Amino acid sequence: MTTEIIASEKVVEQKVKKTSNKKRFLRVFLARKTVVASLAIIFIMIICAIFAPLIAPFDPYKQDYTQILADPSLAHPLGTDLIGRDVLSRIIYGSQAALLVGMVSVAIASVIGIILGLFSGYAGGLIDAVIMRAMDALMAIPPIILAVVFVAAFGGGLKNVIITLGLSLVPTYARLMRGQVLAIRESDYIVAQELMGSTNIRNMIKHVLPNCLSPLIVLITLNFGVAILAEAGLSFLGLGIVPPKAAWGSMINDGYKYLLSNPILSFAPGMAVVLVVVAFNIVGDALRDALDPRLKGSL
Amino acid sequence: MSHLLEVKNLQTQFTVDRNVVKAVDGVSYYVDEGEIVAVVGESGSGKSVTQYSGIQLIPTPPGKIAGGEVLFNGKNLLQISGEELRQVRGGEIGVVFQEPMTSLNPVLTIGYQIIETIILHLKMNKKDARKHAIELLKSVGIPDAEERIDYYPHQFSGGMRQRVCIAMAMACKPKILIADEATTALDVTTQAQILEMLKDIVKETKTSIVLVTHNLGIVARYADRIYVMYAGEIVESGTTKEIFSSPKHPYTISLLNAIPRLDDPKGRQLIPIDGIPPSLINKQDICAFLPRCPHRTAACSFKPAPKLETVSGSHYSACHEDITTEAIKEVAAARATSEDSSADAFNDNQSDNENLLEVKNLKMYFPVTKGILKRKVADVKAVDDVSFSIKKGETLGLVGESGCGKTTIIRSILRMYEPTAGDVIFDGQNIAKMPKHKLRPIRRNISLVFQDPFSSLDPRQTAGSIVGEPLIIHKLTKTKAEYEKRVNELFELVGLNPEWKNRVPHEFSGGQRQRIGIARALASNPSFIVCDEAISALDVSIQAQIINLLEDLQKKLGLTYLFVAHDLSVVRHISDRVVVMYLGKIIEVADWKSLYENPLHPYTKGLLAAVPIPDPFVEENREHVMLEGEIPSVMNRPKGCAFFNRCPMATKECSEAEPPLVETEEGHSVACIKVGKEVRV
Amino acid sequence: MIAFIIRRLLQTVIVLFMVTLIVFSILQVLPGDPARTLLGPEASPEQVEQIRDELGLNRPLPVQYITWVEHAVQGDLGKSIAIKEDVTGIIGEHLPKTLYISILSMVLAIVIGVPAGIIAAIRRGGKIDSLISVVSNFGMAVPAFWLAVLCVYFFSLKLGWFPVQGYTSPFKDFWLSTQQVIMPVICLAFAALASFARQTRSAMLEVIMQDFTRTARSKGLKEGTIIIKHTLKNAIIPVITLVGLQVRNIVGSTIFVEQVFNIPGMGRLVVQSIFNQDFVVVQGCVLVIAIIVAFTNLLIDISYGFADPRIRIK
Amino acid sequence: SGSKSTTTDSASSSQKQENPGNPQYGGVLKISSPIEPANLGLPPEQVGSGFVHMMTPVLETLGKFDEKGEMQPLLAEKWEMDPQAKTITYFLKKGIKFHDGTDFNAEAVKWNIELFQQAKRGEVDGIKSIDVVDESTVKINLADWNSSLNNALCFWIQMISPTAYEKNGKDWATTHPVGTGAFAFDSWERGVSIKYKKNKNYWQEGLPYLDGVEYKIIPDAMTASAAFQQREVDASFYLPVDRVLELEKNDQYKVVTLTTGLGNRENGLIPNSGNPDSPWANVKVREALAYAIDAKTIVEKVLKGGYEVTDQWGPMTGSSYNKDAKKFEFNPEKAKKLLAEAGYPKGFKTKLLSWPGLEHESLPPVYQSYLKEVGIDAEVVPVDTARMYDLIGTKWDGLMYFDVITSPDLPLYMERYLSKKAKLYVNIDHPEKVEELIKKGKAATDPETKQQANLDLQKAVFEENHMFFPLAVTTMPIVMYPNIQDSGFNETYGNVYSPEKTWVSK
């Protein structure tokens, strides 16, 4: 009997194989042109960040007092800023800060949030209550205000901005993670795991965590944009990254003073922020669609 | 002669991932006034899409009606739109959907939802419409309709909601009522009540019913005519008797062979339909059933898809071969003997074997809390003082209506819940009160097979590591090679190709997934396996495969099963002894034979009577005693006998004391004072 | 339902208690000595010490905390270091302005965002849908202050439609007040509006996929009726959740918008107090904002009950 | 340029500007300010001179600087100084009343000075006692003669009504200035506006012309300048230089700068020369700093307008500027040589502290790049204002941004920052010579001695000790519409003006 079933199921096998997971994912994910464009933007940004010294036409910190607030020209396609630094080069270098802020702060937020959420959801009871009320408390303070207060408390600068933004994003992850854990915990495969006598830690790491990833990936992608935006906001208030460092937020802030005479000084870094954030948002949405099992194929 | 509804060569397609799914591929059928027409077929065969196409309920896109006509009263429904279409929907054709839980709008009262339809189609004013709605609710058997009309859907049980749906669909006295798996999600008893009610409706109102189902028993009991669908096509049609007496299409034949019946001889071997239903993507023009057909010939693969052809009178079938009764028997016999005859295997069970599991006075209460401080105000006595035992090597069936506490028993035995009271003695050890860490090593001896093959497997783990998980947890293998060997062994044991180890569950069919679940359950070499509705979620054609597998494994490995199911035919087929539960208590225990042939408790009787048998001739002569009413809430269990309010035999004394479970004859116990007395006298 | 409300209320109180802890501990880390800030760099150590005593800064932290909470419960948030007025009074002056523009923005965001989302969902895949999705994608990516700057540039300086800055109470001069408030409200509302459009769209799509929508259709209801009576009522639940999130975002964005449009509200107060090292005011502001957010969330949870009978009637 | 259309009618042909005609009554002068005082009515609790101008319309002082930087009587009729007797006697104008109707008299002056004493204000240090000689004569007795005291008293002590203060209490007084000025307090909406209305009983007959003066608090510079362009305000105070430059391009606006050297701010770098472990403790290294940075280019190219380069305390046009002192032209080679002599041929690592409140945020990187040229590797370290206060009061590491109010009265001002007594910048070396000169200047009894002390101080501080590196002084530009006449903006002391004489021409 056994062999016979195997034989007959072979017929089926080829059909099942056709709808491969990865292929479907890629197809749904890349279905829209905007997504491809967004990926391209993100890719360019990453390339800029990594190879900034090779790409940028000028040293972003080099001041040229003969070229102060110059209008766009061939040499300086986006003009120069108030102390004669090449705006294009600074934007290219600014991608480093943006990438760093996005990556590290989201990494901090997600790692802490995931651990808290996992723990909270799995442990339940008092631990859960305490963690979640603390998260609620953090959530009750608008993130930007939280960040402003944090920065005020711990000081500005790249490092602190990153830590601050990371911390203020933690509750989102903790909550998402907890919700996921609660849902997955109830699922039969975790019950099965428990019935086999598997330990909680093993379950959390091997089964709960991997199955929470999809929404997390989406959130992480979206939060890149959130972090970059927040950095710009902090810099606008003068609480962000300090001036000599090329960062889009502080460039907007610098250029903002010349809005009337040299609008490009704030438009250019502003556009960089907007484009990158839009790109991350679109990619995040596309990921959501592609990872959503209910939307299988319908797009 | 013109029909009330005539569908001609309907073609409905979906575009999925840039592939065309021919969900309905040239279907023609008709419905006449006042008849019950059944459409049967397994999941995905296009039954629903066929029905919805007619009233343009297909989501477009991705759906598209690519061709055909749907003539209703001479109008082609596919060509109308706007006001005219809306008039047909709800006004002329009513629909009752499968899922009563989701097909009512949760934020509107049922009254609103019914009245809305009435006002729309019957142009009544609000007050009259409300009156009419109350009438309707009464007519579908909703008690206290005046009050309940203002309830929200979640305040009703599943059966009640389905009645509401029917009331809604019948609100404007449609000419046709489409019941799309309207009873599939319900208990047998509720299912029977609702179908009886529909039958009465046909009689009274001359409304025709299209009964869409996969349950052949229902078809046999209620339908006048049948259409059998397979892969988007009608493969056989005819009157109920024609089809059941001389099924012509191999699919129909296989289907009938695959399902257990209440009146089967115990030893009958179920003959599964191999493989899985075909994918409808890029269908080719050959017989769709070909890969699974036991009667296929070499020639079939070269011929275009067969067309429906007359067999006799109104009986049509779409098969290249003319399959004779002998051929059917031959194939059946050949397949049955391909395994060692199991007819006598059942008697092999040494009934005087020692108990593997003994459940004594098990109680599982859930606290009901109320108020700000979540004070405990009452208990849900989900399992209340239950005792039974399972002997080594036997299969104990556990049946009862939804909510009677079957799953709770299992979970308490497995210590997923901490039982409120009672003992669970497994292999000489009381596991009910054992500390969790001590319990861990014992767990390898007990395994659970889940109901839902989709959710019980970690979607991100490979099949191989799912099956190997218990080996790692209990450290059962020492080397990597040993581990691999054991996993391969397990795959082969449940009939899966070990080469598929690296696939994820998503890449398997439902039946295959259930096999993975079984392989996992077997990995730690347990002696005891609990199956909670292990086959309920599977298609009829697949169920037989799994049932056979379970029986096969039991013989090979000497396993003991606790088999929970609501399908009484399946339980009968597989069990040695059966426990019947009602509202958290056991009301009857017996070996299968005495239970099915001589049920004592009026509830057991009612339960059995509600199960339709897929044979119109048998059904014709069966007495249809319906269990009235619904299972009461566990929270306010009636004082005396819990079954008191539904029992046809009940008298006043029944309501006074709880009847104890007494053994009336060897191995047959029942909890009913009436029956107990009768026998004792 | 009442028990539910009371339980939620208790929860809110616990949350607020945590907020006080968080706020208090962050501000302990705030750099500099408030006393020195107050006195300027030239003050003598004795003067500083004296002020520290007056402000209670020399007491142990737990005592300071308990005193603060004790007073806060009675509505006394302490005295501002920089301007020596009661923080409660200062907040009382600033809060109504922020509330006014925030509420207007929220209303605007909902009134435009939700219908836009509905239209996008109904016309899924169509031109309007694409347009709305482009606008909302950008809406969520444009920094509020940047938008504010653009508004000033185009609508005030270039076109001269609206005054550049300032705030006037609507009770004092409704017309001027409205003119002044239009741009800030739009800037505050924009991102929220985008979120509402997106959330409504996806909630609607979700609901449209549900079985009961099909049931409604099978009854022959008009599409309009289905949308308004059946779909919307269900889709509104996730949208209500979003209100909670957007309250935070809108109140948060007031930091920027009030700065650019020079509105003397809470946002500007927080930033200025931070620059002034006036931690008592910062503390009070953050607490008050948290109270508002927490209570909005409470209201939202309660309003679920009204939107969803499954919660209301158990 | 976008605002041209909106201001055409007020556009002044240059003729009109020169000959505006006779003063006209009416109108309200609206001024934007990014900052707002903590109190309006209690001068002794006002920190710094930044808010003095906001109170000038209501509160007046005994004297007032004129265009040449000389102190002239205002509420006082005249004063007499007697260095030998160590007294200053003020003779008050008669018949002046506070806005609450009470008399302005000798008692009131005494009371006001005492209020300053109670607040331990440095300006009144050294006053031994105050005698009320008669209704309109006050005599101040000093412990030691202080040549700067008269200016300090006349400038800082804005007279408020003792009666009003005592009747309504201190809290009330902080928000309700009651003085003798041309305008009386009307309303103060914190964070929004401060409004003053015309004082009909002003002691100067026929004044003021305006119906009121109104300050609008607009913290954001862009917003303020936009509001100015829309003529939501008539003049803008404390606009950042770049905003001013931007607005200056439009010739419909007028920019007035401060040329007197009174109340300027000076920017520069101050090294931690007091720390013996620091390379900056070596005077040669500090001298190198003076050669390493091209102040001229920075001021011209980076700061561009609103600033004037300087190499001493105060502007190079100021009365106490020492023209004979050595100049330090930009010369990186020389700087390197000096560094080598000091034992740092390869340069060294140091820190450059900057903070967000910095007037010109782009300066730190500019300094950084110049220092790099001569081998000094300066790491820019951001600190916030509060930490900066701490650091200034205790110690810092490396170079600190230096930003002080300058005034030609060097002994008075340098003592506050550069002497051993100073509570600020305590981390610097305090050469004996500087201490002595400060003392000498303060004790000077005649203007010549004082002036000599000024000049000697400049030399000692910069040429000999390089106590800090001066870069530029601000000119505190105020942007205004040209039809605001006789405002007195920036004519004397930074930002101070004469609202009583101001009028608006059509």
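Per-chain numbering from 1; labels A, B, C and D assigned in written order.
We adopt the following convention: a contact is a pair of C-beta atoms (placed from the backbone, for glycine too) under 8 Å apart; a residue touches a chain by one contact, two chains touch by 3 or more.
Remember, it's a predicted structure, so these values are computed and weren't measured experimentally.
A.B. asks: More C-beta pairs touching across which pair, A-C or B-C?
C.D. replies: A-C
A.B. asks: Between chain B and chain D, what distance separates the C-alpha centroids? Give it in angstrom.
C.D. replies: Comparing mean C-alpha positions, chain D is 89 Å from chain B.
A.B. asks: What is the distance, in whole Å, between the centres of chain A and chain C, each centre taken as the mean of its C-alpha atoms?
C.D. replies: Result: the chain centres lie 23 Å from each other.
A.B. asks: Report the inter-centroid distance (CA atoms only) between chain B and chain C in whole Å.
C.D. replies: Going by mean C-alpha positions, chain B sits 51 Å from chain C.
A.B. asks: Using the average of all C-alpha atoms in each chain as its centre, how far is it in Å between chain A and chain D?
C.D. replies: 48
A.B. asks: Please output the residue numbers of chain A that touch at least 2 other chains, ranges allowed.
C.D. replies: 152, 155, 239, 256, 259-260
A.B. asks: Which chain B residues touch at least two other chains?
C.D. replies: none
A.B. asks: Which positions in chain D are in touch with at least two other chains?
C.D. replies: 2, 222, 356, 384, 387
A.B. asks: For this structure, enumerate the chain pairs that meet the touch criterion.
C.D. replies: Touching chain pairs, listed by label, come out as A-B, A-C, A-D, B-C, C-D.
A.B. asks: State the interface residues of chain C toward chain D in the complex, per the touch definition above.
C.D. replies: Touch residues, chain C against chain D: 30-33, 36-37, 39-44, 47, 82-84, 90, 93-94, 149, 152, 156-158, 160, 163-167, 259-262, 264, 268-269, 272, 275, 277.
A.B. asks: List the residues on chain C that touch chain B in their complex, please.
C.D. replies: Touch list, chain C to chain B: 3, 6-7, 10, 210-212, 214-222, 225, 229-230, 233-234, 307-310, 313.
A.B. asks: If we count contacts the way the header does, which residues on chain D are in touch with chain C in the complex?
C.D. replies: Residues 2-3, 5-6, 38-39, 47-48, 120, 122, 171, 174, 189-192, 216-220, 222-224, 226-227, 229-230, 232, 356-357, 384-387, 389-390, 392-393, 416, 423-424.
A.B. asks: How about chain D: which of its residues touch chain A in the complex?
C.D. replies: Touch residues, chain D against chain A: 1-2, 221-222, 240, 242-243, 246, 249, 297, 300-302, 304, 354, 356, 361-362, 364-366, 368-369, 380, 382-384, 387.
A.B. asks: Once bound in the complex, which stretches of chain A touch chain D?
C.D. replies: 61-63, 65-66, 68, 82-84, 152, 155-157, 238-239, 242-244, 254, 256-261
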